[in-house]
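Here chain A shows up in two complexes: once beside chain B, once beside chain C.
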Partner chain A sequence: MNVVVTPTMVGQVVISGILAGALYAMVALGLALIFGVMRVINIAHGPLLMLGAYTTYFLYAGLGLNPYLSVPVSMAVLFVIGAVLQRTLVFRVVDAPELSSLLLTFGISIALVNLAQLAFTSDLRAVEYLTGSWGLGPFAFSKTRVLAFVFAAGVTTLAFLLLQRTRLGRAIRATSQSREVAMVCGVNVGRIHTITFGLASALAAAGGALIAVVVAVQPEMGQVWTFKSFLVIVLGGAGNYPGALLGGVLLGLVEQIASLFLTSQLSEVVAYVLLVVVLLVRPTGLLGGRQT
Partner chain B sequence: MTLKALGALIAATGVLVASLPAGAQGPIRIGASLSLTGTYAKLGNYMHEGYKLCAKELNARGGLLGRKVEFVVYDDQSMPATGVRLYEKLITEDKVEAVMGPYSSPITEAVVNVTEKYKKVAVSPLAATTSIFKRPPDKKRYYIFMIISPAEVYLEGLIDMAAKRGLKTVAILNEDTLFAKAAANGAAEIARKKGLQVVFQEGYPKGNQDFSAILTKIRAANPDVVAGSTYFDDAVAITRQMKELNLNPKMYGLTVGGDLPEFYTLLKQNAEYIYGATQWEKALPYPGNKEFNEAYTKEFGREPVYHSAAGYAGCQVYVEAVKRAGTLDADKVRDVLLKLEMKTAFGDYRVDQDGFQIAHKMVMTQWQDGKKVIVWPDELATGKPRYPMPAWNQR
Partner chain C sequence: MTLAPRAFLTGLAVLAAALALYPIVGTGYGVRAMLQLFMWIALAGSWNLISGLTGYVSFGHVAFFGAGAYAGAILIAKAGWPWLPAALAGGAAACVLALVIGYPCLRLKGPYFAIAMLGLNEVLRALTSYFEGLTGGGSGLSLPTLHATVPIYYAMALAAAGVTLLTYLIITSRFGLRLMTIREDEVAAEAMGIDTARHKLYAFLLSAAGPGVVGALAARDQGYIEPISVFPLATTITMIVMALFGGKGTVWGPVLGAIVLFVSQEIVWARFPYVHQLLFGAIIAAVVLLMPRGVLGLLQTKYRLPRTL
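And then the complex of A and B:
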């Protein structure tokens, strides 16, 4: 009863895997930034992505704004929300044991999801903007996924340029390497934390905006992205930013290929088994994490 | 925790709705957990409205056994484990006198262990999985009653139409949970009986959003018919991704989801030609159906779906049984329910000795120009099916 796998099918799922992987990478980069700079594991990352998705949905449904034009708007809105969260709540746990930050962000996560349910209801929404695909030979390139890939790659490149080339980026990396030394060199560490949290939330929001077009929007859409992002940064090396890229694409490919050769249920098993193997063989992740 | 706060809020709303007591004894409180949030939220809320309308109409006509009726409803967040906890709470802490079933087979399967333990009759309007009712003798359940047709026959209409057109192959995909799996296996069974070949059958985990790989495999199998045993979120995602992968069967049908108005609202013209299986349609000539539609639309500002009608009818069946028994006593109500034959706005009710539904009929709809047309069975059809489904890129 099962289908014989052909090279065309493998090609098709590799395409799907890479397209999905770019999104994973961008969203996970946000989580990696927060972890790298503050040593905070942000469970609320997925729910922040959900808020970004709703921003795009409402701009589309209410004002008729093109969902791709709304990506920067969602990012800006979530930058502010992220910065406010950092300023009011998260800064309290930056130096606390990691369990405190887990508990706090877990609480924020539950609060955001339940608030969204109250405010937006649990109804499934979708931005039915572009559907269908472009064909190239035997392969189908989903329009929304290709655009999501382009945007994710673009946003991720910009984020890297910001980190590598600008004064702010250097300050963020310096803080991530050693907060004390950065402080001694005149970096306003509190400000860097706020900006980092805002930036990470903006990356999640970009993911949410793109997912709103690819899949659909509902209050609980975010949690699975927290887990995926977590998986990605552990695979790539926690706190290692290029590692998040590698981890993202790897996860996308593993999920798709495992679904093809095995079943969709087993693809999650394969992804987490891979995580365990990486942790056993290279506990610091594929590209090596930063030491605490 | 916010969960508790939310539960309290919903309970409080329930109490407010039915505030004035009738008679010295106070109202009969009927407890239920429903999926008001989570994966099944859309459907759970429709079902909730069915319960609410039933109680409202009942109270307007003088209530039950001379007392008002009020529902005490908590949100199980579409999770069986939460449902179990909530029924324990309803029966032991809130001390409700009666219960009704939750939404969905997986949650019903879990919570009826609680209702059986406390000997509560649980009319379960939206549990369609045969194995919940048909049990080995040593694990028999005594107090649960089925309202809708079983999962196994959901896709019978789709397969029957395909067989009559002489189609040969079918691919089936399903959410890997109790009901969806039973519906998929039932469809495969019917397909084989009718001489179709099942060229592909696979499950996917609940909450899955990316169907690229599974649909790529189905495309390679090149079936005449694609049958999805879905709920709602997945039905939408699968349809969108079928278009993305340009997967073009001659017929494409879904169990739940495909028939909801929101399916068309979300997918617009991409929902055209898609078949949906349904337990009930507003156009069906059942007694009281027209009145139910009018009252429901007036009360909630939206049209009912089959989940609303099943909730409404399930509540009516239970109420009728209590009336005939003249008591809430579980054993006496059970005796009545086992013998009862009733026609509601939802269709026929009659069960066998296991409480398993044997009278109710399914229908199959198809989206045509934004409207749902009943295309199967012939004797209830309001239109002809549009066949075949055109390729996605040629619409």
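And then the complex of A and C:
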């Protein structure tokens, strides 16, 4: 294939990659939290993102709420849904073999998608809020992408502040390092699990709310996000929360750079090849993570 | 040999004879339904080989079905192969794919394999849509007309019997014991000197062959394939539900699960297509939480049936 790559194109691609990467990082941080704290890979993470997108859509279509103002509402709604899922179902498999938690969250995932199809139909919905782009020199920035970046960076920063600076965050990190020791120190581990699951679902919901403005909202929009979030974790190193940031930006960059040379049809193939190559070459992630 | 196993074997032989004679007396619908049941037995049994025995969950087993379907269909349509060798080639193609995916992902413990399989499906669908020259892309691939439902019925029956026999042979062998050791405690298995990566990979290759053969047979039977028809996530979900419901890690569990769920699907659920996935999701959750060893596992515990059932 003959593609002429100009410096402007490279710059544009790098910027787009970073913009997309912040979103990946935020959503993947949720998956990483659940994995870190409970050793559970939540296959339903993507479908929870889909529910967040629907929340934003209905607030916009029904009440005319600005989609960016609905981000915290979506997050709150999904926090509750996530906490309920943890309290009713997921807590039963936290100590079970991995097979059980993978299968259970897989079951939840397909049930959620089917429920969304029943409740919302499979019609493509759009939140037509902002269109067009801002120009800066030779580069063009899609407005929705820039705002998604700003919000994702903000939410991710808040999440890290919560983890690093608060008592709750310390309890979460302690539980993820050693559940027994955390318990001995007086941490209510069951409660931390519930909060973590809620928090992770809220992060997914923020992702859903922000991309509701960019892409069509439909019941099956979420599944690919489970895969991509996991890829981000693998890139950054499992159990390594800052690694998720690097992984997110990296995935965004790789996808954008690949889009220079390949049709967008193959963008998932690129992400997949990246996963296999990383697992082959550096299975502990680029920053090095905890061994699983 | 005591009486019970002999009666069991006699029963199996009678059943096999009845199934062999069935196409002579059966209706067209009946033969086709049985053919599909055989397909599901082979698929659920194959999933059980990797996920039931080693505990490594494959969320994308339909990928091997689709890879076999495309390999077989291309050989039949473009190279003029007869369908039987094409079906075997479909199995071989699925094994090659399993090697490529399994080698990097099964060396690691943990969920890497499960997630890699989760994405594989979409990737293959995108690839088959993209390489239009070979696969016909999104418009699909038509095979020359051939009325071979009855021969394919026998081939499917052989595939189902083959997968079940293979499962029995594995479960009663040292190889199978090693796989189950990996499932129960991988670190202990390693400490005992089991080359876990290699064993997992072998189990994975064996579990890919069946869906590859069956996929090629199904492609021949339907006469037309396209990316969305051979890579549906629903197929993976169905084989997981069947194996889990019947009892993962057992010989007859997937067979039992396939029969029960296929029959109920034909009779009852066909009327409620919109809640299909919801129901399957609920079954998965219920089995995982309430009866992790499936129906057969319950029966084994209750009636002290042999573990090799």
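Observations
Criterion: the second predicted complex is superposed on the first by the 279 of 292 C-alpha atoms of A that agree within 3 Å, B and C clash if a C-alpha of one lies under 4 Å from a C-alpha of the other, contacts with A are read in each partner's own complex, and residues count from 1 in each chain.
Rule of thumb we're sticking to: a residue touches a chain if its C-beta (ideal position, glycine included) is under 8 Å from a C-beta of that chain, and two chains touch if they have at least 3 such contacts.
The shown structure was predicted, so the numbers you read here are calculated from the model rather than taken from an experiment.
Partners chain B and chain C, once the complexes are superposed on chain A, run into each other and clash. Within the superposed three-chain model, A:S16 lies in touch with chain B and out of touch with chain C [touch as defined at top]. When the two complexes are overlaid on their common chain A, residue A:V234 makes contact with chain C while staying clear of chain B. In the superposition on chain A, A:L280 contacts chain C only, with no contact to chain B. By the document's definition of touching, neither partner reaches A:A159: not chain B, not chain C.
When both complexes are overlaid on chain A, the residue A:V217 reaches neither chain B nor chain C. In the superposition on chain A, A:R92 contacts chain C only, with no contact to chain B.
Within the superposed three-chain model, A:A204 lies out of touch with both chain B and chain C [touch as defined at top].
By the document's definition of touching, of the two partners only chain C reaches A:T226; chain B does not. Looking at the shared chain after the overlay, A:E268 reaches both chain B and chain C. Steric collision with chain B, judged by C-alpha atoms after aligning on chain A, is confined to one stretch of chain C among 79-87, 97-105 or 223-231, namely 223-231.
Shared interface residues of chain A, touching chain B in one complex and chain C in the other, are 110-111, 114, 117-118, 224, 263, 265, 268.
Of all the residues in chain A, the ones that touch chain B in their complex are 1-6, 8-9, 12-13, 16, 20, 110-111, 114, 117-118, 122-126, 128, 131-133, 135, 140, 142-145, 215-216, 218-220, 224, 255-257, 259-260, 263-265, 267-268.
Interface of chain A with chain C (complex): residues 35, 41, 43, 89, 92-93, 97-100, 102-104, 106-115, 117-118, 223-224, 226-227, 230-231, 234, 238, 263, 265-266, 268-269, 271-272, 275-277, 279-280, 283, 292. Of all residues in chain C, those touching chain A in their complex are 51, 55-57, 59, 100-101, 103-105, 107-112, 114-116, 118-120, 122-123, 126-127, 129-130, 183, 233, 237, 240, 244, 274-278, 280-285, 288-289, 292.
On the side of chain B, the complex with chain A involves touching residues 1-3, 6, 36-39, 41-42, 45, 176, 198-205, 207-214, 216-218, 220-221, 232-233, 236-237, 240-241, 243-246, 262, 266-268, 270, 392-393.
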